[in-house]
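The same chain A turns up in both complexes below, where it pairs with chain B and then with chain C.
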Partner chain A sequence: MDVRSQISMVFHLDKCIGCHTCSVACKNLWTDRKGAEYMWWNNVETKPGTGYPGKWEDQDIYKGGWEKDGEGIRLKGAGKPKSLTNIFHNPHMPVIDDYYEPFTFKYLDLIESSAGDDQPTARPISMITGEPMDIKMGPNWDDDLSGSPDYARNDPNFANLTDAEQEAMFELERMAFFYLPRICNHCLNPACVASCPSGAIYKRGEDGVVLINQDVCRGWRMCVTACPYKKTYYNWNTGKSEKCILCYPRIESGLAPVCMHSCVGRIRYLGVMLYDADQIEAVASADEADVVQRQMDMILDPFDPEVVAAAMANGVADSTIDSAQKSPTYKFVKIWNMALPLHPEFRTLPMLFYVPPLLPVVATVSEADHSERAGELHDIAKHWPDSWLYDTTTKELFGTIDDARFPLEYMASLFSAGDTTAVADRLKKLMAVRLHRRLVTVGDVAKETVDAALADTNLTPLLADEIYYLTSLAKFDDRFVIPAAHREQAIEMIEFTGDVKGNTGFGFKVGSAVRGA
Partner chain B sequence: MTALDTFLFVAFPYVAVITFVVGVLYRWKRKGFTVTSLSSQFLEGKMLFWGTIPFHIGILVVFLGHLVAFMLPQATLAWNSQPLRLIILEGTAFVFGLTVLIGLAALMYRRFTNPRIRAVTTPMDIGIELLLLAQVILGVWIALGFRWGSSWFAADLSPYLWSLVRFSPDPSAVFALPWVIKLHIVGAFALVFMVPFTRLAHVIVAPLNYLVRPYQQVIWNWDRKAIRDPSTAWSAARPKAN
Partner chain C sequence: MGEELFRTTCAACHTTGTDRLVGPGLQGVEDRRDHEWLVSFITEPDRMIAEGDTIATRLLAEYIVPMPNLGTTRAQAESILDYIASANEAPTGETSGTPVAQAPATEEQVLLGQALFQGHTRLANGGPTCNSCHEVTHDAVIGGGILARELTTVFSRLGGPGVRAIIGSPPFPVMQKAYEDRPLTEEEVAGLVAFLERADAEQELHQPRDYGIKLFGFGVVGAALLLGLYSLAWSGRKRGSVNQEIFDRQISSI
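Here is the complex of A and B:
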């Protein structure tokens, strides 16, 4: 047993309001520089939709992640033979038009234009060439455009849905969407690390953060191909690749990463999990249907004395073990079994977990029969039964989950490699907690119903209250349990964290003048 | 033997090689951030394919050919002792030289016409491309106009280069060569000289280590076995990631 600690994350999708505060905070802190304008280390996507870059989930296009190769696995679009033979030209690499050409506006024209008959305008100009351009794409271009043919209908997750199911999702009355915030997953089996010919990308042993050494990166760009989540980005100005660093200077001083700190909906949780690194290869090579459960199984119980002893023998600090025992992510992922990783079929073992959204379920719309009133109503009028919104009195409590506006197959394609029961189990838990709280606060639900719901999901009223607390009432220190690096060790870990805006990546300042020199 | 000849064929090669070694080591160790392939595929990928593939494959083969004639002059001469084999060798060299030329021309056309690529072009990029272009044109010219060039290389140039390696330079054979070949030799050392100052620096970081390293890399900033041992003194030196 090789016990290591990993900073892991949980995003509670029911709580995400899609405000992009996380993206803007990250952009301001890290990627507001030349060559990085298009990078969104943190982005929020509208689902169903194509995401960023367009259709990133479709690995037939992008060739990211791992694929099964006999008993083991291999990188789909990179790896030792492919990375070296494709080194002069990488055929599976997205280009800037798959993201968008960064732009700004000539604001000075508004002030400095000479007097004339017409109003001066601020024309858009490219931040690459400086020339005027037509904006074709931008950040969050598909925001809230779930129903539109360009975005929702091109969502790669519809592959397993029938045409009828897809059409049902796009009926105006049933149409729904939810937000999917994404950062680097800091995977246990990172494809970017495995694909890097220079050996510049590495996983930090102490906390599992995946970083790119900017001094060693040679810009071969295989990581851009290999990451199935498209969370490594190529900086066209410096000729280096960059990615989310999980705000490691903040984490080392015990602060939450800035995307999490700034989260308005308080959807984000961050904590330590202990796992058995000896199992990584076997778990990543498991059958597609088993990957999720095997990944859950390799996360170890931080209260188990054997695990604690093995962790200590492995150099895991006391404060880290203590954090692992208080970890909110361990509760969501392991104890309560409420969270799932995004696209586990990519086999990178991501350590960012999502609580799948229940919200569209309770808003299921069933149309009322209004044939009796046909004469008095206009043709296009529609009436809903009074009980449609929070239909908490129904006997078939979880029937509504199966009739959700998002078919379970869609959720399963996102979070469980197609296993609908894994998603349904988690949604039922969310529902059971709601029913329990409804009973406590309003009391219009039958106690037997609630008891049945709790029993069915292996919850007790106490557990349900705990889940409710961490979901709805949790304070800052409940949501983020971060072991600060020990001062004496932190000095060793990084020389200088007082980075300023405009730095190249982080740690040192190099202008673009050196390009080519 | 003029002073210029002596400078170009005795002094300059040493200057070039010393500059290469010192410059490359300095840039690699101290200015690691500037060592990159500076790929522009992200800004334009389709046309790049038709330039970069012929250019790189051609230049690898041509470089390898020069290396063989330098390392194994006797074998080269023996191979060339039959005219048919000489023609095969020279023909191959010419074809790959032409491949390099076509690739380089495509790359330069792309660099000058695409506004996005122009935005990431420095004067040094253009300078080194012109130098490469001149060198490749001279090489193709030699392959076409002096069809016994490979034997010449083995008989005259290889001993000259080895005399440089042995620190007893004997450039007399070179002085007698046609000026096209002389220019090609000077161009070669000029390219070597320029490597540390240009994007050519990426040739020294060909990622061959990738073949032997394990796929996953985990780096501990602490010594995880010693960190809990109270008898271990804290290391004064900061461990360097990678």
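Here is the complex of A and C:
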């Protein structure tokens, strides 16, 4: 058993309101630079939709992630032979139009134009060429199902849905969507790390954050192809690739990453999980149907004395083990079994988990006879001559999972490599907690219904209350349990700090990396 | 002193008899030319040719190879002329500077010469390889220099003795300087002469083939084949943006 610690994340999609605050916070902090304008280390997509970059989930186009190769696995679009034969032209890379061409506006024209007959306008200009341009796209162009014939209809997750199911999703009265915020998954088996010919990408030993060393990166861009989530980006100004760094400077000083800190819906959770690194290869090569469950099994119980002893023997700090025991992500992922990784079939073992959105049907539309009530209306009231009834008083208040607005196959395609029972289990738990709380707070649900729902999902009222607390009432320190970074130990590995004590202060000998070729 | 000078500086191209090597045989030269003209020509032949001296110009036209300025002083020129005169008065009538009749070159000699010319075999005394300055049209020789004369036809131009004489003791200043302390051995000279003779005799067989327009044609066809192969090998590549269709339609509808 090779116990290591990993900072993992849970995004609770039921709570995401799609406000893009996370994206803007990240953009302002990290990618508001020349060459990085088009990058969104954090982005929020509308599902169904093609996302950013367009159709990133379709690995027939982008060749990202791993694929089965006999007993083992191999990179789909990178690796030694493929990298060598494509050394001068990487043939499956996204182009700028797959993301979008970043733009700004010539605001100065508004105030500096000479007097004339026409009102001055601020023309859009490209942030790459500086020339005036026609805006064709943005990073969230398909937000809230806009342009759905072009975007939502082409969602790669529809592959397993029948035409009838797809049509049902786009019926005007039934259309639904949810938001999918995405950052780097800081995978356990990262394809970007495996693909880098320069060895510039590494997974930090102490917390598993995946980073690109800007001094070593040579701009081969194999990681851009290899990452199936398209979360490494090429900076055309510095000639190097960049990616989400999980705000490690913030984490090291005990602060939550800025996307999580700024989250309006408080959907994001961050905490340490201990896992068995010996199993990575076996789990990544498992049958597609088993990958999710085996990844869950790989995560170890931080209360198990054997695990704790192995972790300590492996150099995991006491404070980290303590954090792992308090970790909110461990609760969501392992104890309550409510979260799933995004696209586990890419076999990178992502450590960002999603609680799938419930999207309950809270009302039904049925035909009814309104003629009786018509006489009650005042003369000036609008009288609807149709016979539809929008009914919010159904017996099953939240409907059942099978009535959910999204076919389970769609959710399963996103979160469980096609396993609908895995998704249904999680949705049922969400539903059971809701029913329980409805009983507690409103009391208009039959107790038998609630008890049945809880029993069906192996929950107790106490457990349901715990889930409710972490979902809805959790405070900052409940949502983010950040382990101490122990930089004092790291610095002592590099230099003897006694030498500089009393001089100019502590610091690494190596100056900050000068970016750029 | 005169004999020594004649042997080292003149004998490459001239005999004291009547035989013509590169230049004319010099028997009775004092009877044919004015003494003062001879001394001037021996000391500064390049100047006289440049100034358009009638006799010098006529000689150049006849013998093709111009006589180089060998830096001879007037006193040396006098002693050389004395030696030529005395050599002709010798009772035996023997002439010096005439190479003995050549035995036909062996195949080994030709191969040795070929190797020496290209530098596959170094010259024994360390002199520079021929093809650093000279070129010969011969299938076995690749890429000679263009600093000095092209030597394919040297044998027919100068004849065996001339070639042998020039290689043995070069009359040209650059070559003289190059081989001053590093003279060629007898076998090397024989080998090179044999090789040059062979190259001259077989030059018709060693002409590079002229493919004309076909060469260009093959180039075009080859490039097309390669490009076709590449596009086949990379036929699965991603072409353009996944959103191109959307952009095209939106722009055309404006």
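Rule of thumb we're sticking to: the second predicted complex is superposed on the first by the 446 of 517 C-alpha atoms of A that agree within 3 Å, B and C clash if a C-alpha of one lies under 4 Å from a C-alpha of the other, contacts with A are read in each partner's own complex, and residues count from 1 in each chain.
The rule is short, and it goes like this: a residue touches a chain if its C-beta (ideal position, glycine included) is under 8 Å from a C-beta of that chain, and two chains touch if they have at least 3 such contacts.
Every value quoted in this text rests on a predicted model; they were computed, and no experiment measured them.
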Applying the touch criterion given at the start, work out whether A:M137 contacts chain B, chain C, both or neither, answering first, second, both or neither.
second
Quick one: is A:R33 in contact with chain B, with chain C, with both, or with neither? Answer first, second, both or neither.
neither
Kindly classify A:I61 by the partners it touches after superposition: chain B alone (first), chain C alone (second), both, or neither?
second
In the superposition, chain B vs chain C on chain A residues touched:
B
After superposition on the shared chain, which partner residues are touched by A:L84: those of chain B (first), chain C (second), both, or neither?
first
Who does A:D150 touch here: chain B (first), chain C (second), both, or neither?
second
Should A:H92 be classified as contacting the first partner (chain B), the second (chain C), both, or neither?
second
After the superposition on A, what does A:R182 contact: first (chain B), second (chain C), both or neither?
neither
Would you tell me the residues on chain A in contact with chain B in one complex that are also in contact with chain C in the other?
89, 91, 93, 95-96
Please name which positions on chain C make contact with chain A in the complex.
234, 236-238, 240-244, 246-247, 250-251
Which bits of chain B are touching chain A when the two form their complex?
31-45, 48-49, 52-53, 56-57, 115-116, 118-122, 124-125, 197-199, 202, 205, 207, 209-211, 213, 215-228, 234-235, 238-239, 241-242
Partner chain B, residues of chain A touching it in the complex
79-80, 83-84, 87-91, 93, 95-96, 128-131, 189-190, 193-194, 196-206, 211, 213-221, 234, 236-240, 280, 312, 314-317, 488-489, 491-493, 495, 504, 508, 510, 514-517
Footprint of chain C on chain A - complex, ascending:
50, 53-55, 61-62, 89, 91-98, 134, 136-137, 147, 150
